[in-house]
Amino acid sequence: MAPDMQTQTTEAKAKPRNLLEVKGLKKYFPIQKGLLRKTVGYVKAVDDVNFFVREGETLGLVGESGCGKSTAGRSIIRLYEPTAGDVLFRSRHLGGEGNGLINLMGLPPDKMKTIRKEISMVFQDPINSLNPRMTVSDIVGEPMFIHGQRMGPETEAVIVNLLERVGLRPDHLRRYPHEFSGGQRQRIGIARALSLNPQLVICDEPVSALDVSIQAQTLNLLQDLQQDFNLSYIFVAHDLSVVQHISDRVAVMYVGKVAEIADAEELYSAPLHPYTEALLSAVPKADPLYKSDRIVMQGDVADPSNPPSGCYFHPRCRYAQEVCKLKNPELRELKPDHFVACHRAEELKLEGI
Amino acid sequence: MVNYIIRRILYAVIMIVLVSFVSFVIIKLPPGDFLTQKLAQLRARGDRSAEGQIETYRKRYNLDKPFMWQYSTWAWNFIQGDFGESFEYERPVSEMLGERVTMTIILSVATLIVVWILAIPLGVYSAVKQYSMGDQIITTISFLGLGMPGFLLALLVLYFAITVLNVEATGLFSKDYIDAPWSWARVGDLINHLWIPAFISAVTGTGGLTRIMRGNLLDTLGQPFVEAARARGLANGTVIWKHAVRIAINPLIVILGSEAIPGIITGGGLVSIVLNLPTITPLFVDSLRKLDMYMAGTCIVFITMLLLVGNLLADLALAWADPRIRLD
Amino acid sequence: MSKPLHDPLIEVKDLRVEFDVRAGIVKAVDGLTLTIHRGKTLGVIGESGCGKSMTARAILNMIPKPGKITNGEIIYHRRMKNSLESQVDDIIDLTKVDPDGKVIRQIRGGEIGMIFQEPMSSLTPVYTAGVHINEAVSLHHLVPLQKVGDQIGEQVQAHRKVTKEESRVIAIDMLRRVGIPKPEERVDNYPHQLSGGQRQRVMIAVALSCEPAMLIADEPTTALDVSIEAQILDIMRDLQQSANMAIMFITHNLGVIASMAEEIVVMYMGKAVEQGKVLEIFQNPKHPYTQALLRSIPKLGKKKTGERLASITGMVPDPFNLPTGCVFHPRCPMFMAGKCDKIAPQWKKVGEDHSVSCLLYE
Amino acid sequence: MTVVEQTTPAAPAKQKQVSQSYWALVWWKFKRNRIAVLGGILLLSFYFGFVFIPEFLSPYELNHTSDFVEAPPTKLHFIDTEGKFHLQPFVYGMERKLDFKTRARTYVEDTTRMYPISLFIHGDEYKLLGFIPSDLHLYGVDQKANPEAIVLIMGADALGRDWFTRILYGGRLSLMIGLIGQVMTIIFGMTLGVMSGYYGGMIDQVIQRTTEFLNAFPDIPLFMALAAAIPTFWSPIAVYFMLTIILSFVRWGGLARQVRGLILSLREREYVLAAKSAGASDARIMFRHLLPGTMSHVIVIATLAIPGMILSETALSWLGLGLRAPLTSWGVLLQDAATVRAIHTTPWELWTVPFILVTILAYNMLGDGLRDALDPYGTR
């Protein structure tokens, strides 16, 4: 099977195959009240999300707080058990049916554990994401330990190798997380994510908590590693410029739904969704000469437990019409590889950067 | 709000039923009952008619009936205000408890007031002047107070009163007023006696509360809104009292309900035993020893009721003090 | 008004703030000099721990323990607001006033307002938005005469306390001005009933309710979403124009500073390394740190595939153990051995309104 | 908070060449708190002295009765009647006098008889730690040479037993009941708390309701009721164990609730999610990631709760509902001492109180220091 896959990859170089397909993913958190913990409603954190990730590419997942981007990332590997939907993944270890994709939903625990070798995560908080009671060697080696590798000189060599790869020294092995700076901690987290040689890494706001200079170092490291290990990333962040920098394609989310997905350059230069346009315009540009007619969105991000009718963005949208209040727009492929969920996408002429 | 109170009261009723039932079970656990003890006593005295007398008692107190019958009858009568009869004193329990419940409430409330009036300013001072001389002194005294259980302090006070002052500092009334009807003179006499238990509870209760207040306020003083208030140009005192203390006191109200009130009622109970104060606990302990079933059951129901009411009041106070808390 | 619009308001001269902690002394601010002009915006930029927040607190004489101002002065050119003796001007060294005294308390909130990074926790949770504004208004009671002056005789009641009703009117008015919808209802809302953006607006309303001569904004939008950030920045710009207010804008976000500030001070490890007009600094940065900082952020809309960011090597140094000479030298790409690690750089004028503290230009 | 911003970046990494684990850091912080260290040392010596070697520390055997019924403490002398100074302290012989009118006993010193007090003296035989036979006592008067001599530094009880000896022996039971009880509480409380927090659902509901019920019960009355239910004919040892179980049974609820709360918050920590995303089993997450995170909390809670246990035993025994006479605990000793009559006639029996107080104070000092050092709330 393995050689077969390789030939396929070389053939399909022009357009790599899909590594991951997310279809109709939903994650509702129940709101419970009262003595009997009766469910009185749901926070629709992720509400019917569809996207795919190709082999070797980075998909940026961007949006404002509460748009469900992190929840979506976590639901993919079932850290949160999704309410509905399918996540199809091309596993190296488990053969899938038909097109080679295997559905992670409803996968029995032992098989899911195998999948966890192939999809790993990097987290946001450099303080919270490392167990303060464990040494670097324990932390980075933990995934290997979980998957049956015993600690020994061999494993340790692997760990040292990983540490060096992310720019830490072998003598850091026996130290504890509190002895490192934020940037170094994030490197430890990245080393841990790579320890099982994954195909896909879900980066959950990996640079949001870092200083500007450290942020650049970390982004460069992630890019280098992607090259070296042939990784695919799902890169969750709220900073549009960071996402643009690192992503091949970008998905913009708003209140649990995907508003637009497209190639990064196209999305930023020619957005099709009014929310994308407004968001791009709102980002402060590091250029004092840049003076644009800023589109200031009115009001706050909609409440995911009580979203507005129709298109969730309509109360803040300056192009909203009657239909937007009534009907929820579908995500459709307007141009090749450019998906948008807006009723008026065809007629609107929107400005990018 | 009203809904919440009704629900809480319902919940309390369920709790009281459970507690009273469990205490009945517990009292029934040891082999024998009040009458077997009594029988043994009478026999020891050589009373010939002992067996007969016991039989009469057994009938009178329904002790010949099954356990469930005893409990449900007692519970049913309890609701109607008849708490049964004490075996030991052969008087209705209600008669014996009446004034003691009042005294327990008076004593607890007095304790609470003394402790809060002392602890909050001390805690505030200690936090605002952290590591100062005053703080060190307050901290040391708080530790002593924390380590000093009420009943032991009561013993020491008693010792001091007997050996040094040559008075017997027990009871809540002088001999003249014990059975006198309520009058201003009697109230004066009560206040005259109240200071000893009040002093004891002040020493033992204030320490812990001061430490908690200090810790809370230190946390609160580090909060951004305190800095923001200061940046608005408010005077130091206003910042501390209106903004920081106001917030730091909320956790204290939680503690009031969950720890302070139970502590005062039960801890105060032990002090009462040493000082021979007319509160519920001495009677309760006595009835437990004597297996005086209805008396013990009623006592524990009243103690639990005081606790639950105290809890409810604390929760209501918290909801009033903190707009973030919604009762529903 | 006859007075000049843009004369100096605050002059910070050789300011030093030190924290005496157990592990040693941390120089939070180390010899900082800057000037803030009336009606203008000064941007202070730097990474976390560079001392920018401490500078702001020093201006209000609010350095938290165990820190203290050990050197320098902060000259405040006070212009009495329209009190009866309105033409009296005054020059105060803010480092010398009693930190709990009456003078500094009049200045705090009344003449220099401040907003903080954390809108979530900058409002006291048990008081409504209205209470917060009323508190500021009733403290600095000269203000209402401007606001409600047309309703009541200004001359007579110059020192009158604001009544509750008036204060409420002011509060609602302020909330409306900062763009809070339905201010009549929001005025009675508690902080937890407001969204993050609304809370920051309330903070701005509180800070501006007394029409201060200057507003210190310490990372006011860092915790907010971009769409809300844009709203808040717009409000600040509008209010500045209408009231000729100076703003000291502290942030680590280069984008925000580019769109807000007229002048910029770049700080690194408690020291200013470069200052000048915003255009100058962005287009012609002189200090290697400023250059690196500008290059290390990804720029929106200017993507080349596979492009790498220029990053600053190494890490922020240990504050207890600062490098000798120029503090930036261990990370500096232009490091000159024997010079940068020995000599502390002096200020050098490199253009009109543009100076830099770097040995490359000496 | 703003200070933190100034001091945290990269500071610790360079300063310490040797890596420090969490517990090493805790120890380092704890050592600097002198009050807490003092508390710890006091407790260590109390436990060592009272639990392991009370037989050696006391001059007599526990049940060494004498004729000196309710004798007041014997005075130690350094200077004799002739004004001569002795480096070795001595006691005079005691003479009992009975006042026939008031029926009161009084003791006077007979200055003609002098008995020196020696260290490491041979006296009553005992078995150290239950198996090492010995007759060595820390101090005392030579019983073989002067059988009529006695030294009672804290007086004697109604059977003429040395009160200090009784306090030493009583400490063993009182101190141990707190420790054993707390260990049981931790075992109950942690297991149920972790299960409740991690699994949720029905298990959580049942455990939650039970703890609520235990909470609603006023705890000292509950102790009393439960203790009163211990049959009178049980052997003292059975009563002792029953009492320990009761103490921990009443107290586990609070701990379980706190642990549950901690688990609920730790469960969402990113390092737990990271372990989960790597495929860690429930057991691994619970024991490797969650439980160690609660340890510092639990240790602090436990340390501060032990004095409560000791006091509960003392109070119950004092009320006559706990340990009973053939056993010697501080509570049992209080029973004798705490009556108005006893305070009149044998006030020295209140010597028990300072011992209890110092123990409780030491625990509070230790606990407070541990709270700072362990920093369970992670504020620094």
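Note that the chains are named A, B, C and D in the order they appear, and that numbering of residues resets to 1 at the start of each chain.
In this text, a residue touches a chain if its C-beta (ideal position, glycine included) is under 8 Å from a C-beta of that chain, and two chains touch if they have at least 3 such contacts.
For clarity, every value in this text was computed on a predicted model and none was experimentally measured.
Undergrad: If you check the contacts of subunit C and subunit D, which chains show up for both?
TA: A, B
Undergrad: With contacts counted as defined, which of the two, A-C or B-C, has more C-beta pairs across the interface?
TA: A-C is joined by more C-beta pairs in contact.
Undergrad: What whole-Å value do you get for the distance between subunit A and subunit C if each is reduced to the mean of its CA atoms?
TA: 35
Undergrad: Between subunit A and subunit D, what is the separation of their C-alpha centroids in Å?
TA: 55
Undergrad: Mind checking the centre-to-centre distance between subunit B and subunit D? Centres are C-alpha means, answer in whole Å.
TA: That gives a centre separation of 26 Å.
Undergrad: Touching two or more other chains, which residues of subunit A qualify?
TA: In subunit A, the residues touching two or more other chains are 181, 184.
Undergrad: Please list all residues of subunit B that touch 2 or more other chains.
TA: Correct list: 224.
Undergrad: I need the residues of subunit C touching at least two other chains; which ones are they?
TA: Only 48, 64, 315-316 qualify.
Undergrad: Which subunit C residues qualify as touching subunit B in the complex?
TA: 60, 62, 64, 100, 105-110, 113-114, 116-118, 121-126, 132, 135-136, 139-140, 190, 192, 203, 206-207
Undergrad: List the residues on subunit A that touch subunit C in their complex, please.
TA: That would be residues 64-65, 181, 183-184, 211-217, 219-220, 223, 238, 240-242, 244-246, 264-265, 268-269, 278-290, 294, 296-301, 316, 352-353 of subunit A.
Undergrad: Given the complex with subunit A, which residues does subunit D contribute to the contact?
TA: 9-10, 12-13, 16, 19-22, 25, 269-271, 273-281, 284, 288-289, 292-293
Undergrad: Give the list of subunit C residues in touch with subunit A in this complex.
TA: Residue positions touching the partner: 47-48, 181, 195, 197-198, 225-231, 233-234, 252-256, 258-259, 278-279, 282, 292-294, 296-301, 303, 306-313, 315-316.
Undergrad: For a test of understanding, state which residues of subunit B touch subunit C in their complex under the given definition.
TA: So the residues of subunit B in touch with subunit C come to 223-225, 227-236, 243, 246-247, 321-324.
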